[in-house]
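There are two complexes below, and they share subunit A, which is joined by subunit B in the first and by subunit C in the second.
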Partner chain A sequence: MIYLLKRDVFSPVGLALMAVVWAASVATASLGYAFAAAISAVNILSLLVFLLSIFVAVVGVVNDREGAVYFYLSKWGRRRYAAWRLYVNTLYGLAAGFASTAPYYVLRPELWHIAAAAVFATALLGSQLGTLAAFSARGRGYAYMSALAVWVFLALVYDLAVAFASLFAPMGDAQLFALLVLNPFHCAVLPSLLVLDPHMLTLGAAGQFAVRQLGLGAAALLIIALYAIYTAIFAYAAYEAGRGRDI
Partner chain B sequence: MRVRKKMRGFVLDVEVEVGNAVVLGPNGSGKSTLLKCLAGVYLCEGDVFDDALYVPPVPQLPPGTTVGEYVRHISKTLGVEFVDFFDVGPFMGKRVEELSTGMAYRVVLSLAFSTDRRLLLDEPLSSLDARWRLRLVELLSGRKFIVATHDPLPFLPLGPDVVVLEEGRVKAVAKAEAVRALYLERCGGGLCARPGGAVPVVGYDISA
Partner chain C sequence: MKWALLLAIPILVVVLSLSGPHVSHLTLGHFLLHIATAVLVVLPVYLAVNAYARTGSRRFLLLTAAFVALAAREITLSYFMISGTTATVGDIPVDHLLGLVALVLLTAAFLVKEQ
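And now, the complex of A and B:
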């Protein structure tokens, strides 16, 4: 396991991303613990840890393909290899996420549990998506590109696309809330944000709809349930991609 | 062994009863695909050897670590004791990026021979010099193996079956003795050596 940690997490890509997250942790912690600062910190750390965990997973799979996977397949077969790789990627994604956001927990101990919950949820989701992207790609380049595309779409483009679409096709509050929770990345971050923002003010009309129609508890439960479903689906899809595709 | 694999523009359809074997055929005939199917690297219809280890023609070692770390990890994963069959000890401390193709291949071969697996060697001679080619053949003696190659001669003393593939299908099957006899008959024992030193592989008409 130490060998894989060195090879995959402390790879050039992994180290570069961890350095970025580390710097962002210090920067966001220095903003203070006011409402806006805490919300920003959770959002920024989640975005970056999501990217980090996706790439750590991709590096693990593509490095396996260079000199190791034939031995693994010979020993374990496809099913066990796919399950093992998913487990290791999840473990390393979480470890890298927590290690690189450590400065935030130390500098803002009053908010550490909120940030840690968001980091856990996004790293878990990112590990599954990264493993899926890497198993589905034929080569190293394609794996990195598809992983980056997944992150850009879910973390950056999705909200812009929804906002842009709403200009041409005005949507009701219910539709906006549905589109919000359709994005698995949002479902990973929202439960943590709900602790800071129990009335969902930062979500605008969609948040008001959720609180008014569902109530805070039900809305939170719905979001957490959707997050669990998304993560399970991606984990299963990653396992199937590892088990059922040519290597 | 029975294997069927449909790929874009190519179908591999092989059904043949052989033990240890040397698989011949022109580029694109399906030799590597056959080995990958048998090892479970590709998903195919037909047989998958549970005890097989596929060794690719161009070795790649995972970047970012030393040879020693890589060897220890794979040995531990496989639960075997590493035996330095190809004299790789001197470069165990090197980073894998520093190795030449031949050196990397010797590392992979040493690991492969440290196991008791049935070895599926894909073009094993292409990265080795004469000394290590002989060593490879020597080590294959008494083991289960299937070799895909363009140069069957070094393996004939091991007495394998010889399978000739063409466009994904078996064109001919022969015993090693028959192929050797054919060489002797056609080349007079000179192994068809040419002035330039090139040694052509046996013609694909050995069933004739």
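And now, the complex of A and C:
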């Protein structure tokens, strides 16, 4: 495990992204701790940590594949290598996520637990998706491209697509809520937002529907359960891809 | 791509529960629970059928039959709960009987002796 972790910690891509997230966490902390500022901070930090964790996972795998993978495979075998790589990627993704958002916790101690929960959830999800993308890709370029595509789709394009689709095909509140929770990235961030905004006002009609029909506790439980299911499936998929494919 | 099939389960549950108008008299949480059980019960049937196809043993045949009965019970119960209707044999609801059949088959699967 230490072999793998040592290589990852000094990867330039990971360090560069950590610097970006570090700067962004100072900027978001300077917004203050009012309602809108806190919501914005959680959203911005989650977006960036999601990207960071996906990319550090990809870097870890592609560096192995172009370097010492034969050594690892001959030493541990496929199963153990895939499991260790997934474990190390998750560990490093979480560590990088927390380290790079540290200024926010220091500058806004009253909100640290809310931001930390979102960072933890997005880093965990990002690590699994990044590992899956890198194990499934044909080479370094494809791995980066597919990882970036996953991030762009889940974090940016998905909401735009839903917004445009709702213009052309008017949807009810239930459908909007369904589309919201079908996105694993939203399931990672929403529990933190629920703490800040217990009436789900920032989610508009979808949030009103969830609170009215399910109640806050059941809505939170549903979102957390879906997040756990998505993350477990992506972890399993990443392990299977690493174990079964000719990497 | 087994993981893609697994991923389809939560997606299917969410889509079936929330995509149409909420016509049932049940609360959304209760409605979602019945959709989830009706979708999830297909998984053990699939696994049992696979196991029987691989081994051809009587034990797995009984296990497959038990899971099929359980799936029929869950789907029937979900339908009854969502639609507000019921079907009975005498005064016994059909889903109760299917539950009993599933239990008998499951017990038989444990007790049967392989040749």
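In the analysis below, the second predicted complex is superposed on the first by the 240 of 247 C-alpha atoms of A that agree within 3 Å, B and C clash if a C-alpha of one lies under 4 Å from a C-alpha of the other, contacts with A are read in each partner's own complex, and residues count from 1 in each chain.
Following the convention adopted for this analysis, a contact is a pair of C-beta atoms (placed from the backbone, for glycine too) under 8 Å apart; a residue touches a chain by one contact, two chains touch by 3 or more.
What you see is a predicted model; the values in this text were computed from it and never measured.
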Report clash or fit for the pair subunit B and subunit C bound to subunit A in the combined superposed model. fit
Which partner chains sit in contact with A:Lys75 here, subunit B, subunit C, both or neither? Use first/second/both/neither. first
Counting touched residues of subunit A, say whether subunit B or subunit C comes out ahead. B
Partner chain in contact with A:Ser11 - subunit B first, subunit C second, else both or neither: first
Quick one: classify A:Gly244 as touching subunit B (first), subunit C (second), both or neither. first
In the overlay, answer first, second, both or neither for which of subunit B and subunit C A:Tyr236 touches. second
Go through the superposed model and pick first if A:Leu216 touches only subunit B, second if only subunit C, both, or neither. neither
Look at A:Leu182 in the shared chain and tell me whether it touches subunit B only, subunit C only, both, or neither; answer first, second, both or neither. second
Go through the superposed model and pick first if A:Ala27 touches only subunit B, second if only subunit C, both, or neither. neither
In the superposed arrangement, does A:Gly67 touch subunit B (first), subunit C (second), both or neither? first
Superposition result for subunit B with subunit C: lowest C-alpha separation, Å, rounded to 16
Using the touch definition up top, name the residues of subunit A that touch subunit B in the complex. 3-4, 6-7, 10-12, 63-75, 77-78, 244-247
Per the contact definition, I'd like the list of subunit B residues that touch subunit A in the complex. 36, 39-43, 50, 52-56, 59-65, 69-70, 72-74, 77-79, 96, 104, 108, 111, 115, 117
Please output the residues of subunit A touching subunit C within their complex, sorted ascending. 172, 174-175, 177-178, 181-182, 213-215, 218, 222, 226, 229-230, 233-234, 236-237, 240
Using the touch definition up top, name the residues of subunit C that touch subunit A in the complex. 2-4, 6-7, 10-11, 14-15, 17-22, 27-29, 32
